[in-house]
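Two complexes, one shared chain (chain A), two partners (chain B, chain C).
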Partner chain A sequence: MRKFFSQMTLPSKLSAVWVAFICLLALFGWLLPLPDPREFDIDAPGVGLFSPGHLLGTDAGGYDLLSNIVYGARTSLMIAFISVGLGGIIGSAIGIISAYRRGRLDYLVSTGFNILLSIPNLVLGLALVAVLATSTDGAVQIPPSRRIIIIIFSLTIVIIPILGRIARGATLTWANREFVVAARSMGMRDRDIVFRHVVPNVLPAIYAILFLAVGVVIVAEGALSLLGVGVVDGVSWGAMIARVAGEFTYAPQSMYVPVTVLALTVISLNQLGDYLRGRLDLREGKI
Partner chain B sequence: MTSIMSIRDLSVRFETPRGLLEAVRGASLEIAEGTSIGIVGESGSGKTVLSRAAMGLLSGRNVRREGTVVFAGKELTAMRPAQVREEFGTGMAMIFQDPMTALNPVRRIGVQLAEGPRVRLGMDKKAARARSVELLSLVRIPDPESMLNKFPFQLSGGMRQRVMIAIALACKPELLFADEPTTALDVTVQAQILQLLSDLRRELKMSMVLVTHDLGVVANHTDYVAVMYAGEIVEQAPTTELFANMKMPYTEALLNSIPKIDSKSGARMRVIEGRLPDPTDRPAGCGFAARCSYVQDKCREEHPPLLDSGNGHLYRCWFPLGHTIARKQ
Partner chain C sequence: MQLLVVIVGATFFTSLLLQLLPVGLEELYVFAFDEAGRQEQIRLLHLDANPVMFYLYWLWDFIRGDFGSYVYPTGVLDPVAPRLGDALPVSLRLVVYVQIVALFASVPLGIFTAYRSGRRSDKAISYGLFTAASIPNFVFALVMASFFGATLAWFPPLGYTPPGENFVEHLRGMVLPVAALAIPTIATYTRLLRTDVIAALREDYVTMAVSKGLSNRRILFTHVLRPSSVTLFTSAALNMGGLIGGTLVIEQIFTIPGLGSEIGLAIFSRQYFALQSYIAIIAVGYVVFNGIVDVAVGFVDPRSRERTRA
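Moving on to the complex of A and B:
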């Protein structure tokens, strides 16, 4: 691990440090002496950076930005990791099986993936959330926890075809190799061949894309919030941006702070994903 | 002598966009128990397809296999794939041409070796490890213990092929197919690997099918030879009989195309002119007619049947060598 880190390029190192920092904030941020992200400070609405008691200032409503960033990291990252994890597992499984089997199943699966991919991420997520997490009856409120689950579900569906296609493509290149025939000639069952011979070769391609997918999902979550269907009344980076969208001239830091954090995180994830893809893109000649 | 495998009238055709490609046509071969059979022919003559089809390794929607293959009394061609699979590893096993592509690049040697014994023989981890060490010493690999933790890329070509052989032998097969086991190796290593295979075959009392394009290899390491050309077995005989009494002009041409160590430096290599016929569109007569130096009109018009000259020597030629009338032309 240490050796791996020291071999990284400088941008990748910085990215890794930033991502690790954000993850630590999400996990252990509640230990810090911060004000409650849901409580507003009536004496300091819209104060700037480095104000006493509010390191990153507050927004126009007096909510502490640092506290919202820290607690929002938990929600945003949780949504991202769970949906990418689920979507990654489901998508890879579908992709690997369909590429290994070929035939009609493969045709159906890749057509399905192509249809899902042809719908822009945001539109797909928006449609799912709009149908599943909005009530027509104004009196019935949908609790934030249910909204989060539905957002995770929608983003999972967005991720499945992305990872599925990668896994399918990688499997196609590995499933007809001579060592797969050799394993068959030893009497291995398909299940054993897939787990022992195909999956270990396909995984590197998937790892790299997982990082990129986390970035995609964080952005999607923010965008959904901005469109009014995200974790609107909860605490997340997207919710922060959505909340201050109208009053941003009054307290510009309330927009800059979450957007900067979100952008840095996504850029870092992309950088790490690209770096990993380069490192793990093993050709036979190199290994 | 009982035969461990009999192949009867085996044909393999592939559906391609250009039409049916006939890779093997009407091949019949008896593999006697405890013997070594060579299948010789140039690239594209169908020797690899024949051995894979005999074992039942060809899969895919575009493959059409006809004929029967009987292994150890069981008719493989009538069995379901899951039943045939039961014979793999323990009954039949195969060594592949290129040990780099036939070993999984991302998994350690020890894991790949132990796979057969664990999955097919139900050994536990410890027993499978012991078996792996035993197998590696069987194929004369020094320090087998440390070899278990290496990856294929850390090994030389010869070592990798030894590992491949060890993997194929892991479940004690009765019949071993060796599909050009030395083609991807250095000349210096080729002889070692072939010697190893011959020794192991005798030690373990296996039968072996050795697929090669080299008649020299066949002469040294087999009891019986089948020569393939354009998907057909054109001549088959016990090895000594074949070399003493060659019938097919094609076999002779193959033999002549081996470079001689005493030929003058700078002398032209003797090659077989022309190419194999298009397997989707075969000529009416003998497939070798267009390239044969003894060709007659009859050769171009009628397909020669498989004739028996006694001594178990079969050939497919209208004007076999040693036939004075034909030679004068």
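Moving on to the complex of A and C:
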């Protein structure tokens, strides 16, 4: 692990440190002596950076920005990790099985993927969240916790065809390699071939994409919030950004802070994904 | 054929979305108090049909240019088509501006970085581009609207002027939204083009052209850029999906009355018949656009036709 880290390029090191930092904040941020993210400080609305008691200042409503970033990281990262994890597992399973089996199943699966991919992914996510988050009573919004579950579910559906198609493509190239054919001709069971020979080779291609996918989902959460269907009255980076959109003159830090944190996180994730992909390609090239 | 399957599948999927609603459509859209009136409204909106028939009714209307209606509690139907007629051109114009700006900016940038590949200027630009490609467009939009729009007041931070009304104002208002969408797009295109041009510069036919004494410009444009333009076309097509999604968000931020704002309004006022049609239009447009690009690429690069047939 340490060796792996010391071999990394400088930007990748910085990215790894930043992502680790954000993850730690999300996991252990509640231990920090921070004000409640949902409680406003009536004496200090819209104060700037480094104000007493508010390290990153407050927004126009007096909500502490640092505390919202820390607790928002938990929501945003939870949405991202769960939906990418679920979508990755389901998508790769479908992709690997269909590419290994070929035939009619593969046709059905790839058509299904193409159909889902024919709707731009943000539009698909937006449509799913909008429909599923309709409250039975028009006057009452559904609670943030249920909204988060709906967002996770919708983004999982968005992720499935993206990763599924990559897994399918990778499997197609590996499933015809000599060692797979040899294993099959030796009478190895399909299930064992898939788990012993196909999956270990397909996984590296997916690992690198997972980082990019987490970035995509974090951005999507922000975009959904801006479109009015995100974690509206909850605590998330998207919610922070959506609250200040259209309000530029008063307390500008309430926009710059969440936007910077989100951008840095996405840049870092992309950098890590890109680095990982480069390394994996290299290894493949050496063989 | 595959194209048709995908279009039917995608539109059927949008139609199925209405069945996923946690609230019954009747509860949302049937308002009459007497039983006869209820039955009349249910029949009118095809709410009694099964999902397949419901889709076919919708499809038949959709093909004839009837994109459903807003249903008001008074039972009044407000057709979506005129709204769409106003909103769609606004969004399309935005997307076209972005693609034009992105293509025009990325060609010289891509050639320049490829030409100087490995040197410091290329490395600096390439890192900058990688970073720019990772930053979500709404971040650019908010930062630029705040800085160039509100603080410096160079451009209007919000709002939209139709081109027919005042063309100069229209362009001024489009600068920030187009820039917000174009910067990540330029970065993506340039990176792809750079890789392509570097590969092309190593080809034997380029060495041949150089040794024949052709001018640099001639080599770049006829021998290097022509094959690379295929990459540009396909990446423009691939990027279209992200761009459409981005347009929706950017329209919300800059309050541009395009499709994004219409979709926002439809969701906010729980008009799911309208939402269904909007999403179907986006999907159909996206699929058709990709189909056209595939054909166009086939014209520019005959090799790709062989590949798709094989």
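Note that the second predicted complex is superposed on the first by the 277 of 287 C-alpha atoms of A that agree within 3 Å, B and C clash if a C-alpha of one lies under 4 Å from a C-alpha of the other, contacts with A are read in each partner's own complex, and residues count from 1 in each chain.
In the analysis below, a contact is a pair of C-beta atoms (placed from the backbone, for glycine too) under 8 Å apart; a residue touches a chain by one contact, two chains touch by 3 or more.
Nothing here was measured: the structure is a model prediction, and the numbers come from that model.
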Combined model on chain A: chain C and chain B, fit or clash: fit
Included angle at chain A between vectors to chain C and chain B, based on C-alpha centres and rounded to the nearest 10 degrees: 90
First, second, both or neither for A:Gly187, with chain B first and chain C second: first
Partner chain in contact with A:Arg177 - chain B first, chain C second, else both or neither: first
Chain A residues touched - chain C or chain B, whichever exceeds: C
First (chain B), second (chain C), both or neither touched by A:Ser6: neither
Where chain B and chain C come nearest after superposition, their Cα distance in Å: 10
Intersection of chain A interface sets (partners chain B, chain C): none
Residue ranges of chain C touching chain A (in the complex, touch as defined): 2, 5-7, 9-10, 13-14, 17-18, 20-23, 127, 130-131, 133-136, 138-139, 142-143, 145-146, 149-151, 157-158, 240-242, 244-246, 248-249, 252-253, 255, 260, 263-264, 267-268, 270, 272, 275, 279, 282-283, 286-287
Footprint of chain B on chain A - complex, ascending: 103, 177-179, 181-189, 192, 196-197, 200-201, 282, 284, 287
Of chain B, residues touching chain A in the complex: 55, 57, 61, 85-90, 92-94, 96-98, 100-107, 115-116, 119-120, 151, 153, 164, 167-168, 170-171
Of chain A, residues touching chain C in the complex: 11, 111-112, 114-123, 126-128, 130-132, 134-136, 138, 215, 219, 222-223, 226-229, 241, 244-246, 248-249, 252, 255-256, 259, 262-263, 266-267, 269-271, 274
